[in-house]
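What follows is one structure encoded as structure tokens, with my remarks underneath.
All chains are identified by letter, namely A, B, C and D, in their written order; residue positions are counted from 1 within each chain.
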Amino acid sequence: MIPEKSPRVEELEARLEAFMEEHIYPNEARFYRESEEIGPWGVQPVVEELKPLAKKAGLWNLFLPESDLGAGLTNLEYAPLCEIMGRSHLAPEVFNCSAPDTGNMEVLVRYGTEAQKKAWLEPLLAGEIRSSFAMTEPDVASSDAKNISSSIVRDGDDYVINGRKWYTTGATDPRCKILIFMGKTDPDAEPYRQQSMILVPKDTPGVKVIRALPVFGFYGVPDRSAEVHFENVRVPASNMLLGEGRGFEIAQGRLGPGRIHHCMRLIGLAERTLAKMCLRTSERETFGKPVSERSVTRERVAEARIMIEQARLLTLRTAHKMDTVGNKEARAEIAMIKIAVPNMACQVTDWAIQAFGGGGTSNDFGLASAYATARLLRLADGPDEVHRDQLARMEMKRQRAANDAGGVRNWGAATSARALGPE
Amino acid sequence: MIPEKSPRVEELEARLEAFMEEHIYPNEARFYRESEEIGPWGVQPVVEELKPLAKKAGLWNLFLPESDLGAGLTNLEYAPLCEIMGRSHLAPEVFNCSAPDTGNMEVLVRYGTEAQKKAWLEPLLAGEIRSSFAMTEPDVASSDAKNISSSIVRDGDDYVINGRKWYTTGATDPRCKILIFMGKTDPDAEPYRQQSMILVPKDTPGVKVIRALPVFGFYGVPDRSAEVHFENVRVPASNMLLGEGRGFEIAQGRLGPGRIHHCMRLIGLAERTLAKMCLRTSERETFGKPVSERSVTRERVAEARIMIEQARLLTLRTAHKMDTVGNKEARAEIAMIKIAVPNMACQVTDWAIQAFGGGGTSNDFGLASAYATARLLRLADGPDEVHRDQLARMEMKRQRAANDAGGVRNWGAATSARALGPE
Amino acid sequence: MIPEKSPRVEELEARLEAFMEEHIYPNEARFYRESEEIGPWGVQPVVEELKPLAKKAGLWNLFLPESDLGAGLTNLEYAPLCEIMGRSHLAPEVFNCSAPDTGNMEVLVRYGTEAQKKAWLEPLLAGEIRSSFAMTEPDVASSDAKNISSSIVRDGDDYVINGRKWYTTGATDPRCKILIFMGKTDPDAEPYRQQSMILVPKDTPGVKVIRALPVFGFYGVPDRSAEVHFENVRVPASNMLLGEGRGFEIAQGRLGPGRIHHCMRLIGLAERTLAKMCLRTSERETFGKPVSERSVTRERVAEARIMIEQARLLTLRTAHKMDTVGNKEARAEIAMIKIAVPNMACQVTDWAIQAFGGGGTSNDFGLASAYATARLLRLADGPDEVHRDQLARMEMKRQRAANDAGGVRNWGAATSARALGPE
Amino acid sequence: MIPEKSPRVEELEARLEAFMEEHIYPNEARFYRESEEIGPWGVQPVVEELKPLAKKAGLWNLFLPESDLGAGLTNLEYAPLCEIMGRSHLAPEVFNCSAPDTGNMEVLVRYGTEAQKKAWLEPLLAGEIRSSFAMTEPDVASSDAKNISSSIVRDGDDYVINGRKWYTTGATDPRCKILIFMGKTDPDAEPYRQQSMILVPKDTPGVKVIRALPVFGFYGVPDRSAEVHFENVRVPASNMLLGEGRGFEIAQGRLGPGRIHHCMRLIGLAERTLAKMCLRTSERETFGKPVSERSVTRERVAEARIMIEQARLLTLRTAHKMDTVGNKEARAEIAMIKIAVPNMACQVTDWAIQAFGGGGTSNDFGLASAYATARLLRLADGPDEVHRDQLARMEMKRQRAANDAGGVRNWGAATSARALGPE
């Protein structure tokens, strides 16, 4: 059900671990400091400094499955590497494996024309520019993507775009040069054919990055969320992706990989958080013994370990299923990890914060930002509730079909002598 | 990490499913009725009727790993078969794969002398007799097995046994002929060498099956628990298993397989319960629509599906680890499933009961007894708390060792310009 | 918000406590033994033996509020007394304060004619007979009471009744002489006017008590549930309660008091369970110290105490609100306790079972039956989900009205300089 | 158990509500904007602007119980007023009722000399200065206050103070002029007599406010936490509070009121959050209907309402107990609310964030900062785990005493005929 790691992956893992030890962990304090200093509109120098080192180390663009543009790894092979990167907020971008770029690059690889690839995929793969994904809107509940109501109107050889977006991750980044925009080309089409995706260069007139959006108080880390308005933004018709009305199709294709990457990274973050919790409680004493020896600490450490193991196995199996039967056939599994992993990571982090005492709420131990990262992902790319709803529909349908296919509905009911009484 | 099913297992699975459809499900109502009628001291005729059919169908003793006495399946291979049997309270015994016999047979295979095997293993494998495991004592908290204080005293060529036991599963069954008894041979030895295990034929003078113990109100199903007193019970010295002071060693070897079988069966029971929940809520309407269409139902169905998948993957990986590195090296994983699976099954069953309304608390849908089965297993073979404690100790130790081995303890702390203020 | 206890209540409390010490607790073992022996179709001799003593002690019919038939206590005054009775499964009936009789007597007091009172209320108040309430049906989801589909058809001076009922508590009791039956008199009326309630003497031809229904494996304790079929049951038209089509109105009036009594009793049961948990864990040692000194035990004891205190305060306030503004105006509060209290009691009992080890699942400590009592009440008189739905509707309506009434909807949103960036 | 509100309180409530409508809610956006702009080291102009209005409106220093310096309200009377203030992060300070000043003023009222009162209490009551409480230390687990190891050494007519503190709320505020410092005067005394509290003017040489500490990413709101070092800080011996070795005694007296105020405010915040959740979900549609009509939303709204009501009642009863039997006798109740209320507020806020979608994690709706406020209070003034431990000890002790006092330990065990079997 889940194949063993190949020697190639083990070798990459070893190199990645070494890079983490040498370049990532020692630079985290600097990264957080620079993030606060530059705020949401700047670039942390440490990131640009480390990117060439990662490229040189051959740890670059590991994410692209089934493609000769990246490392050519399957999702399953990429999973343990992505998990390692996820241990640190600094790492993913250093390896050119961070959201939303990985998802956007996948879109361009799968659905882009040669010209689109040339213009945007190449510099993205080179780490020269960054990108955004403009889908969520402040004015509607975007968890039902059919609600998205920005307009993309054909006008001669162009499309004219209007709408307000937020949670457009990365738009405040000065390196961001291109946005993938989702909006309605045909409000009268059947519901799943109304939306399209189109490429919008950030410097197009009418694109206004209104403001940065903090996430649980954090600007820039974990996420550079932004509000972006589009006012009569005109782009050439050739910027359309795949064709009018195919926005849902692309979203479906994009969100699978994006979601599993998020999950892999969160597992790494949860592992690191558990390590911190174990070490800290081993060192601090209250009422005459280490906090690690209290059974309430142990209960949580044990549950955290169980939750992480289960989440990882489910994620690996999902990756393997994506590799073998395709993203679409694996959509129930993708929904499962999208629900399970962020909830697991929230719980593990919450326990760790509690174990650290007041300091757990500060920035000193990286726990508050870890919580923000995990908590955001119970909402980003669809809230838990929407995924549970879809997963349950699939389950119900499958169960009813199995039953209709001749299954003996056997409740096992029986009326005993004892029940029947004396009469 | 988890190999695919072999063709042999798939073939066995198909035959087992067919047998379940033909013989097990249709006889469940009868099984429950007979169970109530005969009470805890009798034998359900339906069980004895079906056992020869299972034997004839080649679905007999599938549980014994690494042995030519059974089907020769690995733990991983047995897992999906055990899960199928677990769907029904009737099934495991029909296939001679029920607790506590499987665990006891494993003990005899591993630690029994030829004479002991001849006397007890052979009729157990043939399904002619049943057995009990007498470990837990009413007078001490037996979750700390060092507390167990029954005595086994050498007297010439015999041992003389005294003590009170309960949760001696199966002892009220008239077919039960042999008990494996755990007690102290040397109260002065170091703690883990005080206990021994010895074979006690049930008809030995002084063995008194005092009473049946109900489990959540149920006598006999899910479990035939009993209180058994041993008063100056004299057995030949050759009944000792493995040697004096080796009780913990045997317990360790016995409990791994016993625990994973319980987990596999519970996963099957949880699957069946989820199926019932999906079907029932699809058929019942309240306030104008099927209960299955309420989002609160869907949330629970989705979470149940996620929990079952995670539990199954963790159990399969544990089975594979037992097969490849041994029960001892897999003890962290065994602890994990022993905690995770019964809790999962309790939660899934609780949701199902709620979805069924009042009827869920009756015997009509098999949910109350399923709950009793799952709930008991949060205590049987060690309560959650003890397993969590041990798991956490292993985790803490591992984390501290990793840290000491030169890991940069990197909290990522940084003091930002914003924090430092105006001075 | 919640007045202090009056001296009269304190005096009753003291007498009730003394009676519990003298007559109830010492007879519990006997009660449970007799309950198992007689099964669901008999009467425990101990109950009939103690009833005259309670009557003589002036501890009889304490439940009836605003009535000179009982003790004349308000709901608030009755609450602490009912809680004390609730500590023991034996107690409520001994004091003639058990379900479903108290609810049925309230119906007769409020809605009965003089003749109906004479015939049924008087012997019920005297403890000479018992009664049942036949509402829930196996064939429909009765949590939506509009689904109830038994028929009550006028035929001359009679009504003819047909239908299948279950969870008709008490119907297997040989002392049960009268049932309050709910069914449709007019399927074409508007939804809340279709149902009526009518008195059906149990010995009327066509009333068939089909079987006893176990609750989590228990027959008779905590509840004597039964399935009862009504086949062309003919009763005089004068047996109708209040009038055709007024079934919902009566149900509304009946269920408030019935629900709060259940809650009060459950609080008493939870208190006793917590006491057991504290004492048992203080006496049992594992790994070198009492279980009571492990922090995981303490966490649960503390949470149990908090949950009980909160549940009691909410119940007392609900009682006071029922006394001062009426059952209808207190319906949000009644819904709250109907949800909160059984869930609290389930959780407290579950912790206690876990603290007791395997023994917690037996009948030896009264915990499994306490769990069954609490768990059933998450379903009886409406499942949690229905009460939450109704409570949320009231809350939403209130919040929207408050907002419309000129409330400044103030989210507190502000766009900071930091968000606005460098432009 | 909880008296009704007096007319005086109702009148104050009405005036307070009016002030909130007129001055607080409309200024919240400005307050949040200014907070971000000034950062943790400045003062929001809006606060200083509103304080005179509150003073003029007679809504000033409402918190001081049993004192003619404040409004002379009891804790119970203050509770509903404090709850109203708690709805807004802006409000408490405007009314001079914010932490840590209220706790510090209570200390000065109770334990201060006339000179100390003159110097510090008067300007605090006048809202001219602010204060800090320096107790928690980064180097030890301060949840066990005995661990606190800063030193206060007598040297002639002075004390010389050394130590590192953090979570010294308010120290970065330029208006903060005085700190109450806790440290050891006698490391050799018995554990609870080693600590003392002493007044340290912030401008004393050696007092170094090292940095601001963010709380879940937020600087300044909800809390202005800071790290403060004390290096050979010399203050006159007359600055000692109450006497050497009495630090624990003062802490005990201080923390009760401080904790209940936090709880009252959190209840107000939770109420407002629930209101936001109801309104938002009523306005947003997904998949064809308002989010408010999904049963999963309703479940959470209902549970939130129940949790808030229970928390409020418990808090009010605690306040009344503090008023009638004193803070010390009410310490079990204070522990209960200190655990229950922040956990309740975390849960309610978490649900609200989920209901708001991505926007819930931003600052636009005040939910992320509400979460930070609530989450911090699971740690501030002692983590949940310490309070649960102490509460459980009290409970266990009480239960054992009750049992020893002649209570019949009655488990209700009984061995039934069914259990005893056929022999």
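Assume a contact is a pair of C-beta atoms (placed from the backbone, for glycine too) under 8 Å apart; a residue touches a chain by one contact, two chains touch by 3 or more.
Because the structure is a prediction, the values reported are computed rather than measured.
Following the contact convention of this document, C, D is the list of chains adjacent to both chain A and chain B.
In terms of the distance between Cα centroids, chain B is separated most widely from D.
The centroid of the Cα atoms in chain C and the matching centroid in chain D are 38 Å apart. As a whole-number value, the distance joining the C-alpha centres of chain A and chain C reads 48 Å.
Averaged C-alpha coordinates give centres for chain A and chain D that are 36 Å from one another. Each of the following residues of chain D touches two or more other chains: 213-214, 294-299, 363-364, 385, 415, 418-419. In the complex of the two chains, the chain B residues touching chain D come out as 39-41, 172, 209, 211-214, 219, 294-299, 415, 418-422.
The part of chain D that touches chain A in the complex is made up of residues 136, 138, 140-144, 146-147, 166-167, 213-218, 225, 284-287, 291, 294, 296, 353-354, 357-364, 368-369, 371-372, 375-376, 378-380, 383-386.
Chain A meets chain B in the complex at residues 1-4, 21, 25-26, 28-33, 36-37, 88-89, 274-276, 278-279, 282, 292, 295, 297-299, 301-303, 305-306, 309-311, 313-314, 316-317, 332-333, 335-336, 339-340, 363-366, 385, 387-389, 391-393, 395-396, 399-400, 402-403, 408-419.
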